[in-house]
Amino acid sequence: MPSRAANTAIPAVQTTGLGKRFGRQWALAHCDLEVQPGEVLLLAGANGSGKTTLLRLIAGLYKPTQGSMSIYGMDPEQEKLACRRTLTLVGHDNYLYSQLSALEMLQVWTRLRGVELSEEQAIDLLREVDLQDRRDYPVGGFSAGMRKRLTLLRTRLEEPKLVLLDEPFSALDASGQNLIEEWIEGYRSAGKTVVLASHNLPRSSKLCDRAILLQQGQMLWQGTGADLLNHVGATA
Amino acid sequence: MSLFRQALTVVRKDLLLEWRGKGRLISVLLFGVVTLLLFSFAVGPDSTLMRAAAGGFLVLALLLSSTLGLSESFRVEQEQRAIEGLLLLPVDPIALYYGKTLSNTLFLMLLAPVLTPVALILYSVQLDLQGLAVLLGLWTLAAAGLSAPGTLYAAMTSRLQSQDVLLPLLLFPLVIPVLMGAVKSITLILTGDPMSQVSAWATLLASFAIIYSSLCGLLFPHAIEEGI
Amino acid sequence: MTRQFKWDSGLGLLGLLLLFVGSYIGLFVAPAERYMGETQRIMYVHVPCAWNAMLLYTLAFIFAIVSLWTHRPKWDAVTTAAVEVGIVLNALLLVQGSIWARATWGVWWDWDVRLTTSLIMVLLFAGVLALRSFVHDAGRRATWTAIATIVAFVDVPLVYFCVRWWRSLHQVQSTPDTVAPMMVVPLRINAFAILFLAIWMMAQRVRVELARRAQDQVAEPERIAPIGGSTNA
């Protein structure tokens, strides 16, 4: 739960009247959201309820049709690169080049962040997701779960303050899911902000400080993770 | 400086991908050789005609191969949306553009060592070492001129339907100055250049490359505002 | 539904009238040219078409820059309108040029600098429209149309000089001072006639485009009142 002190600080994410229209369809509307630094926020909702759109808007991959937004007090339009330095998103895609090895993928990502990753550091990172033996194999031969683990390592590089995760548990086995849970707990205690969208409510509702239920692009309900389970159980 | 380093990282990554996927480079090379062969059937076994048209055929082979190379360079980016992974990093889009343009230019330059000898043999043209060096220089300028707008358009069309039609449709009329400049100058090299006009055409090729790499560098960030 | 008389309809009618007058003078009043004879009279529509096509492409280029800068739908609409009407005039130009070539040189096509350049121009700007038709999102369509228009326009002078070098055989441009006054009058009248008609066509196109955009402008859905839950802000 965000403390009172954190409430007075600059919010990690603040949106006012945010809306995004694709063609004639509003994917997100009237979104007033405030995420405090250090908070773990869960976005829940059916397919097409606007979770991914909201995450992509925050990440700066979409331009809002309506409303405004700030990331740690920064305007994403004006300070695009500074925002990108602050946040990271792992979406549905794996962002991989099939012909590069796991090690090379990590090196490309860190170099573009302006950091040189030593081989030991890279191997340590890969060990976290149990890919150290596969470091020199092209990722094209990886299973879906292994690719997902590798891509999720992006949240461990350069330590962004705001971590956006779209369905982080999908494609992962139980140990992988536990690992991501551990990471998210770690981010919370390190004072980082996490916004995750997930269908895995039993797992993610335990994890989050606050949950928001989206329906047809609008925020329908918000409360604690435990309440979310009750609410969804009651309405289902 | 960091812009330069980011661009170089993109080039390095692309070259590594190219090296790993040698099959792609070889396919494009073979495609170029096949077109050279086909062109020779267009003018029949008349060796004088073939010799006169050799420069044009060589440049056309480069042009036709270039769209394959350009769309391929963005297909690997789109396969698992790797390009989105790059755009999410604090990477200046301008660095991304120049990185991709440079690696596309290098890719097209790699066609020269294969296509030139094949053309010289097929069309029975003699060329001394100095002529060969000038030809390679002109080839480089042409490759840069094709890549500068080609990278922008390949990025834009890479997620559209009918990309394979759209890219040549946009690119071919646009690069007619490159085509003319390269055909004229390379033909002059192959057939002898008594008026020394080559430098004028080389200037044209260089100007095209400079104008379009600056212009497209300015436009690229707008093109990918909402990702590609 | 009442049909209002719009400003551009007046301009269109004026253009039509002027085209009539200008062409009448050109065909029946102006003297025949000394060397080219009656054939030269095609110039009274050919040259005005060329001037206006270039004018429209230049306008499209300027509108495209503004469109890229402001992201306003109306600038995208005028950019597209200018490109499309420019292509129409450009196509007319090609047909007239071809007829001219047939009458003068006995062939339907000649690699004359201006004729060749206008052929390449049609293809350049047709590419812009092709790209446009493949983009579904209105915002991106506007941005990409603007980008492609700018890229295509910058190519025009390069193509022109290139073709000139490529084939250093071309007609020397005639300036109004060297021709008879009765030749200048219909040329000028028709230039304005075609300009007015072009503006009229553009106005129609802009209206269609803006109507299409307006159709997409679905209002944001009603705000759903949040229900239940523990508020925790």
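Chains: A, B and C, in written order; residue numbering restarts at 1 for each.
By our rule, a residue touches a chain if its C-beta (ideal position, glycine included) is under 8 Å from a C-beta of that chain, and two chains touch if they have at least 3 such contacts.
Predicted model only: the values in this text are computed from it and were never measured.
Participant: Averaging the CA atoms per chain, pick out the one whose centre lands closest to the mean of every protein CA shown.
Facilitator: Of all chains shown, the one whose C-alpha centre lies nearest the global C-alpha mean is B.
Participant: Between chain pairs A-B and A-C, which one is joined by a greater number of C-beta pairs in contact?
Facilitator: Between the two chain pairs, A-B has more contacting C-beta pairs.
Participant: Just how far, in Å, is the C-alpha centre of chain C from the one of chain B?
Facilitator: Once rounded, the distance between the two centres reads 31 Å.
Participant: Using mean CA coordinates as chain centres, what's the gap between chain A and chain B in Å?
Facilitator: That pair's centroid distance is 39 Å.
Participant: Cα centroid separation between chain A and chain C, in whole Å?
Facilitator: Here the centre of chain C sits 48 Å away from the centre of chain A.
Participant: Residue numbers in chain C touching 2 or more other chains?
Facilitator: In chain C, residues 137, 139 touch at least two other chains, as defined above.
Participant: Would you give the residues of chain A that are in contact with at least 2 other chains, written as numbers and ranges?
Facilitator: Within chain A, residues 63 contact more than one other chain.
Participant: Using the touch definition from the top, which residues of chain B touch two or more other chains?
Facilitator: Only 225-226 qualify.
Participant: Which positions of chain B touch chain C when the two form their complex?
Facilitator: Against chain C, the touching part of chain B is residues 149, 152, 156-157, 160-162, 166, 169-170, 172-174, 176-177, 180-181, 184, 200-201, 204, 207-208, 211-212, 215-216, 219, 222-223, 225-226.
Participant: Inside the complex, what are the residues of chain B that reach chain A?
Facilitator: The touching residues are 2, 5-6, 9-10, 13, 16-17, 20-21, 76, 79-82, 84-92, 225-227.
Participant: Where on chain C does chain A make contact in their complex?
Facilitator: Residues 136-139, 215-216, 218, 220-221, 223-224, 226-233.
Participant: Along chain C, where are the residues that touch chain B in the complex?
Facilitator: Chain C residues touching chain B: 68, 120, 123-124, 127, 130-131, 134-135, 137, 139-140, 143-144, 146-148, 150-152, 154-155, 158-159, 161-163, 165-166.
Participant: Touching chain C in the complex: which residues of chain A?
Facilitator: Interface residues on the chain A side: 1, 19, 21-26, 29-30, 34, 63, 66, 210, 213, 215-224, 227, 231.
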